[in-house]
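Some structures are shown below for you to check.
Two complexes come next, and they have one chain in common, subunit A, joined by subunit B in the first and subunit C in the second.
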Partner chain A sequence: MLKDWFAGVKKGTSQEIIAEKYYTTAVKKYDAIIAGAGPAGATAAYFMAREGMDVLLLERGPYPGAKTCGGSSIIAEHVHKLFPNFWEELEYERLISHQAYWIMTEDDAIQIAYRSTRLSDAPYNRFSVRRVKLYEWLVKKATAAGATVRFNHHVSEILYEGNQAVGVRISKPQDCIYVANIIILADGANSLLAEKAGLSRRVSAHDLSLYAKETIALPAEVIEERFSLPAGHGAIIGLIGYPTAGFNGTASIHTFRTSININVGLAVADIAQAGITPHDLIDRLKAHQYIKPLIKDGITTEYGANVIPEGGYFSIPELVHPGSMIIGDAASLVNGVHGFSLAMWSGFFAAQAASKAKKHRDFSVKFLRLYQQLLDESFVMQDLRANAPQAKWLRDVPYFFDLYSRVANEAAYHITKVYTIPKKAKRHYIFKKITSMQPIGKMLKDAWSFLKVIR
Partner chain B sequence: MNVDCKLKLLEFLPDGEFQHVRILDAELCRKCDAVLCLTLCPSAVFRWNYQHETEPPVLVYYRQCIECGACRLICPKNNIEFCYPNGGFGVTFKDGISVYLRPYTPPEMP
Partner chain C sequence: MKNLSMDDRLAVNRFDSDDHNSHIIVDKTACKTCPHRACTFSCPAERYKWDTVNDVLSFDHVGCLECGNCRLVCERLNQGIEGYSWNYPRHGKGIIFREG
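Here is the complex of A and B:
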């Protein structure tokens, strides 16, 4: 009797409620629940559904890509391996055949560009895509393979039995729970779910970059004329120095069929310290003399901001937990070169591990560990590991982008300008000018540390 | 173009019953000399209240939040609680599709 009374008092903890609901009523139990229908989540859903698993994909927005802004570039090599000949199905915007870096200061810019029509031959290199279209396509692939998708479902909490994840709670208006054998967290950078469940540490403000982005509409011919592109081709321009107002960070211009994206991103900690708002940073860049003509007469059609993890290897949390896995941005699996392709790969690897766990009917860490193994063996982790010190280096040399873009432009200015002094004296003069900005010893030290980090 | 005009380009479905970004203790903001939230927020959710003697010093316009979640990371006193809004609510990005389809007419030269 005392035992019954104790059980009655104890009832009310979430674990008890779920256990009761799950065992007494006929709640459908899925093989896997994926929180977040982004590139990682939708890819995982597709591959799991293809393996014959019963998958539920939950997305908090009303349609795929509702919570992400602007466009991006998709790397053909990666996506072709996961979704062969994807360019026949996906509505892409432009074939990128022009990639450039502009090292800028207020008055000048060194423009390093590479353009080649070889990049536009199959198998292609990069496409620019609008995120809404890309996510929609991925989710359609997943549903066609047999996954169930629910929009407007915000996963607020993971439910546990002991330390085994068994389900998720959906916040209002549905206010319900779903149960599954495997819970996959693909809820993006700043993963509140993983943090709440104690699966990852709170992300540091240094490891997360805030990108503000603006979409500017222009007719296709005007874009092709201004960037001197063949019809249907696109350009990606990375902007270094001036756009980030003295801090380390990047800005870029992406071209789409009838629009241009301009974005600026700095670490959250830096942007807070800078005392300049992200939208002012964008306006400041748009007013630059070399950017202004590119976007002249354009209509701003969208403004947005997003956070991207840039902590690199050391900010990757423990990825595999009993009954749950963390994939994509939530696991900080992104890098500057491969973009969200790494997120898609992590979704693919998680799907492999999940199907193996299902075959063995064991959802503990034992079989899910395969996800970690596949990731470690792939180039994904190798690249991230090689660039591991990068995030720390960016903090250690906070002046790098700003100072050296000034130094480079100063050197370029004096080299270009013709003086009425002998060649040898000019060389000496340029050397003096540059070393007055930064002592030669420090410059060499920074260059060495840079080389060590990018190797 | 100021930020309010930019935000007009987006669609919001605010949740009248649940405020997903909030300040936990207004008194801490009164003592805060950094107020990093005011400049960090890309959609100007946090605004200084000029009647701060009698009212909370930082106003939270959570209805125009674009859900990046950066604010919770920079508050020096850890005073901002951020979670994502309930399913279906909040901002939706349409990538300017509705505006895009309009035929382009270059402005006339004076």
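Here is the complex of A and C:
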């Protein structure tokens, strides 16, 4: 493409040649093209279509959510702001009224759970949701608002006129071109498009985590009984320590209507060095004495893997370029607490910027920059900025999750166990036990760095 | 619950495989000079294996979960040097997740 441009410049008719080349094969010019019908892309499509823009949403899978897996839950507060009373339309799985963390070792687990009926009244807090259903619903909203959606369309590259993005090329068998004033990249964590176009730097193994998941089918009553849930309610359990076999990483259990999802994930760089496979971790976790009874007699219905950006604030690329914007996972706009919501907000903000650019008929960075401004002012960037040192910290203290879940469980064991020694001697004994695992000075240093990073 | 072998695991998934065109291309002979062979133990679908009898990499793109892990652990795939390329399958082929 660059070659064409140079050839055009030499002849002094670059615009004409490119125009001829692109526009003869193209049917029409859209206001915006979005690559990727995930939460970010579909939300952007919906809000742009609602503003009366002519939007084309391109998805490489045969239906929304076919190419992604893992998790998942949505935060009602966020989604309600974007799509009021969404719970009346979206086919969610369970209403989460039980959130827990298990700090585990081979033999023990400290289980911290919070359960409340206050979480089960409107406007709710969290719903477990299957990605396929969530994405499908968002795409339906977008098409109902007037967006055009095409499946099985894999965007292979962005087309440029000078440095202005003007269209996209679809790979074979369609092998065609679509043109638009604005190109929005929402193609996920492995954003080949942004990388190829030089809009973001090459992703590194440190910035991404690999998650493997297994979906295990169980009857609804069995799930409710095992997690002691009221009918229709669900639990989300975060698992720390044991599941990631000595590395920093997390695992989780999400309860769906008639299945549960077990996810385990750690940094790609760690997996590459460890010689341990993600599915080994899942098997190991499933065999744990406290997990085993939860999934007894279940049937595995799906196994999958996915990478998630965890580089945080410092791995966010330049988001606004002439004629194009990067949103969602492709822009590293995710974090553990808000999940999908950051992606959806980024789609919403990008839609605001796109609509402003259309009104002014100027698709340079001048008006599209509004997207960056809205993000910066929102909680999205504030949270990401506050957690900025987190990714580096996880690399600097690689033993944190493993060692301290052991320390916590060791302490809990001795506190629970009754000895025939005076209280004071017991306290001294526990202190000695713990400090034999990690010197007190180091422990304080780690605790301080932890507090600094989670503030 | 009993543990499944990788073949059994992948067998429960739905695939619409593009049998003829591999979306990932690796130069199996050149892979002999790889110092770490991280792909052979980190792929969540065990698509990369080291054939110790013939001392050569074996790779099968059918059954790939399209997670992108190999592109991150392998410098050659990451930089797309000659003989190596990583792309998504065309026309929606490959893994089709149903459960989320």
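We take it that the second predicted complex is superposed on the first by the 429 of 455 C-alpha atoms of A that agree within 3 Å, B and C clash if a C-alpha of one lies under 4 Å from a C-alpha of the other, contacts with A are read in each partner's own complex, and residues count from 1 in each chain.
We adopt the following convention: a residue touches a chain if its C-beta (ideal position, glycine included) is under 8 Å from a C-beta of that chain, and two chains touch if they have at least 3 such contacts.
This is a predicted model, so every value here is computed, not measured.
In this superposed model built on subunit A, subunit B and subunit C take up the same space, so to speak, and clash. By the document's definition of touching, neither partner reaches A:A32: not subunit B, not subunit C.
Looking at the shared chain after the overlay, A:S72 reaches subunit C, while subunit B stays out of its contact range. Shared-chain residue A:I295: touches subunit C; no touch with subunit B.
When both complexes are overlaid on chain A, the residue A:A109 reaches neither subunit B nor subunit C. Residue contacts after overlaying the shared chain place A:L90 against neither subunit B nor subunit C. Of the two partner chains placed around the shared chain by superposition, subunit B is the only one that A:T258 touches, whereas subunit C remains out of contact.
Contact with subunit C, but none with subunit B, is seen for A:V129 once the two complexes are overlaid on the shared chain.
Of the two partner chains placed by superposition, subunit B and subunit C are both touched by A:G275.
Counting contacts as defined above, subunit A residues 60-62, 65-71, 130-132, 151-152, 154, 156, 171-174, 190, 192, 202-205, 208, 210, 212, 214-215, 259, 268, 271-273, 275-279, 283, 297, 300-307 meet subunit B in one complex and subunit C in the other. For subunit C in complex with subunit A, the touching residues are 1, 3-4, 6, 9-10, 12-13, 16, 36, 38, 41-46, 65-69, 71-73, 78-79, 86-92, 94-100.
On subunit A, the positions that touch subunit B within their shared complex are 60-63, 65-71, 130-132, 151-154, 156, 170-174, 190, 192, 202-205, 208, 210, 212, 214-215, 217-219, 222, 258-259, 268-269, 271-279, 283, 297, 299-307. By the touch criterion stated above, subunit B contacts subunit A in their complex at residues 1-3, 6-7, 9-10, 17-18, 36, 39-44, 66-70, 73-74, 82-88, 90-97, 99-100, 104, 106-107.
By the touch criterion given at the top, residues 60-62, 65-72, 129-134, 151-152, 154, 156, 171-174, 189-190, 192, 202-205, 208, 210, 212, 214-216, 256, 259, 261, 268, 271-273, 275-279, 283, 286-287, 292, 295-298, 300-307 of subunit A touch subunit C in their complex.
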